[in-house]
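Each chain carries a letter (A, B, C, D, E and F) given by its place in the written order, and its residues are counted from 1.
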């Protein structure tokens, strides 16, 4: 097992496609997405119940090398600033297969 | 008029809408989790589009094409006056997004109006479904122009080009399914149309009822956001549909629509989009707040139209036609 | 009797229930993921409520109101004798919760019984749907009293006041949808009721079949929990419905229900709630274990009633009426 | 032939399939999230199985049983020739899995073919539904033998015994639901079958249309994987169904099926399984890559069959029968 | 980025509304909820398949300041004691936007 | 609270039953499963949209004692090697109830 940064991002579903594009440009090796999660934050309750999807959150998990994290954070921050949501970074170990 | 309001209120789909709103009000745990509402809304778009296509095939004529062209143009210019009004209260992106939302149209309001006509046994022709599809996006394009008015090109990094926006709004899932189903209805052999009837017509009112049950809950859940938005915006959300309905009424009279088609046309004018326009605005005008334009369309204008708007417009039509 | 059992077993919804149970038994990967079962159960409640309302509008009479009042009262007192019996095996909260569950009613058992009557061509009136709604919550209230019996008021921090519980059980999603649909069926114009028929009646048996397919799987999956609960509790879950059916039979005879309505009434008495009552008990009596009261209701009593109970009760009625 | 292709293409379910593919091509956000497609596919299996059972009850005869036995045997031997061909391009596990996939059958292609026969008003008998069930698994068993050919027993730690595989493929959710519904249709009283009709037949074409809309999207999304797989595999995915159709045609002629039944039989031969066989192969032959066998079946052969295959086979039958 | 406690709670869906009320009283800034997850624990398999929802779990993610965690844990513990479920606390970094 | 290893595994849904069997043999105290998640990795996009479920991922969370982790990793690794997917291990604290 080797150390890795576990990055999780929760934000607008519509913004998530943007987030993913940016992650791929940074060369992340993969990601996992939960399309629709309920949440509450600064913008109040977001249930994903309206037909336009305007109040729907998605939840994304990805990983990156410790040395990559600064660059990643730099591209994610402006998106969250514009649209809200959170990004948590946790030290983990990756079971290399 | 009162008997029309009552006829509409005793229409099961509308009653289910009220039941949904009641459920939220009494804090019931009644819930239609996703993707049930999605399934119902896809079904409704498919069914209304297909039915419209089948009827259109039989009844297309020159007058209808003119009416559609005018409807489309109307949707393109309507945002202008609303933007001018809304700028008194809102900043530019929000005013533009709201104007686009209200000049665009709501498919479910349209469907509820056609269910109302069915209930009171009043005829209408199929081509207005095409109007539903054609009035959706001109408003969106105008809205985007308004949002960018006076902006230097370099600023709109977050925004979108017109071509991209046009693509976005034509490939929006609901628009595509509606247009596609319309085309399929047009192309389908009469025999095939017949075999689809139990699906597209038989269970239609039931599915609409179940969907409106959910919409009642969704609309009622936006009540606390409404309180935050304040009275003057709510007044807009009540006033604009009425003004738009009046505009629609005049146009419908001028182009001599039948009274059934006129109601559908007026309802399109009066309704506010809560699917395609918001979806496009979120991509194209990210500075605008969906809590404003979606909440007003969904929490005020939609309930208003389905409960009292439809019979109100109908009684106006009946006294003028 | 044997021919009734066979008539019931060859009823497609019951066969699909058995198919579901078989699928779990042979470890098939057949699965109806959520929210499909939720959609089906909401649909069934809406359809049965609406149909009941439409019939009630035509057939309400004084005798029916009396029957409903008595049904309601019966549901309130039934937990008492069961609690007394169950206390021999269970602690107070669990005995109370189980008594409430068995005195309350199961909508799907009721629906399966009405499908059975349809199949054998036996009439019944719509007002028993109101009974379904009215027998749901008195049992819950009584159950709560029993759970708190002898408790000092200060202890029940985790519990709920009666007002809260009443609110909880009346605003339970299923109860609200059933009552709301009943009311809408009552209010709807006959023409409107007609347009909903393909939805509320046409596809009803099919949706019931698909739902029972899932219920067969759900019930069979509880089998290993059943083993853990032990034989005496399973014996309760077999015996109580039979006793309750007998009580229902006597009452139905005394108040001179027609044989069709009598079956529905007996089935309500014999059935155990696995939606509303458990949901309320989990909030109000958190010390009771849902693995007991839900598993017995769902894993024993429900299969028993839908397979052999319904025809058994019917043959008893046929020999007494 | 051209008029048959047109008749098929103007069949709404096929048009919806093309609409789905179009939606992906223009990058629309149209989406039918899970479990909507699952619900539709369970519904279709239930409906086709039940209908087949009802018809089978009326029309079972010795010739039909013979035909079924031969169909079953054909499915068992067909993988052999395909394996031999495919080994030129693929390693053993992948060649075996692909051969099994193409010798097994696709329920939705079968359903689309029966919808096509309905549209052109051509009769067929119910027993071919049993063929659908019986041709599913012999191919799977043969495929497994081929995958293990020459393997020392100790190696297949990751694999499965034949008994396990047989269990796996018979308890596969789709197979079980299809067989179960067939059995229920056989057992159900005629009156009961009648009450299920609005569900199993009324809304059938609509549900098929909605499901094919989704399948169009799923198939089109596999396009980029197809590019990766290369032309020669795509050529296999086009050629094999045609060869299999020809084999089916000859057999159908030899056993004197009626032209309607012959079409269904040929379609079974030509179609490739994308549910049961892949599910079994993933368990039993984990070394084979589903990106190959699922993508070819779903992304090439399925679209080919539903758009031009069905009318092509029909015109061949019409000129030979 | 600043250090934060990532708190995740898995318990009865019916209990989750209670958990959320308690979290809001503690002043958490937001949370994310996955309504229905399958699980196995001391109370056996919980699939969320029964119509009453008695055997349904929900999964909640929230964050809190390191100094808040003691208070949070103190209010969560009795709920889990009564109803079962788990609560994990992990050190993370929050990308402040 | 006591230290615990938080283990999360994302892999083929069909493989997950195998993973769970192996975890139970190792004596994990429980797990939580999200049946269907979308993802991208070495094997490309996996949406779970095809009818056979061949391209569907599941997401599992479990915990184990720090001393158990080596054994766990040893049994998980071959599964991921054969079928792909990822396994992350994170140091956490468990709120004992």
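Methods note: contacts are C-beta pairs under 8 Å (C-beta built on N, C-alpha and C of every residue); 3 or more make two chains touch, one makes a residue touch a chain.
Nothing here was measured: the structure is a model prediction, and the numbers come from that model.
Among the remaining chains, those touching chain A as well as chain D are B, F. Different-residue interface: chain A and chain F share under half of the residue numbers found at their contact. Distance from chain F peaks, on a Cα-centroid basis, for B. Chain centres here are means of the Cα atoms, and by that rule the chain farthest away from chain E is D.
Note on chain placement: the centre of chain B and the centre of chain C lie 41 Å apart, centres being C-alpha means. Rounded to whole angstrom, the centroid-to-centroid distance between chain A and chain B, based on C-alpha atoms, equals 33 Å. In whole angstrom, the spacing between the mean C-alpha positions of chain E and chain F is 20. The set of chain D residues that touch two or more partner chains comprises 33-35, 39, 198, 202-203, 279. Among the residues of chain E, those in touch with two or more other chains are 34-35, 90-91.
Pairs of chains that satisfy the touch definition comprise A-B, A-E, A-F, B-C, B-D, C-D, C-E, D-F, E-F. Contacts from chain A toward chain F in the complex involve residues 1, 4, 6, 29-35, 61, 63, 90-95, 97. Those residues of chain B lying in contact with chain C across their complex are 7, 10-12, 15-16, 19, 22-23, 26-36, 39, 118-119, 121, 198, 202-207, 209-210, 213.
In the complex of the two chains, the chain B residues touching chain D come out as 34-35, 38-39, 42-43, 46-47, 50, 167, 171-173, 176-177, 180-181, 183-184, 187-189, 191-193, 195-196, 198-200, 202-203, 279.
Against chain A, the residues of chain F that register as touching in their complex are 10, 34, 37-42, 57, 59, 73, 76-77, 80-81, 84, 86-91. Looking at the complex, you find that chain D touches chain F at residues 34, 37, 41, 158, 215, 217-218, 221-222, 225, 274-276, 278-279, 282-283, 286, 290-291, 294, 298.
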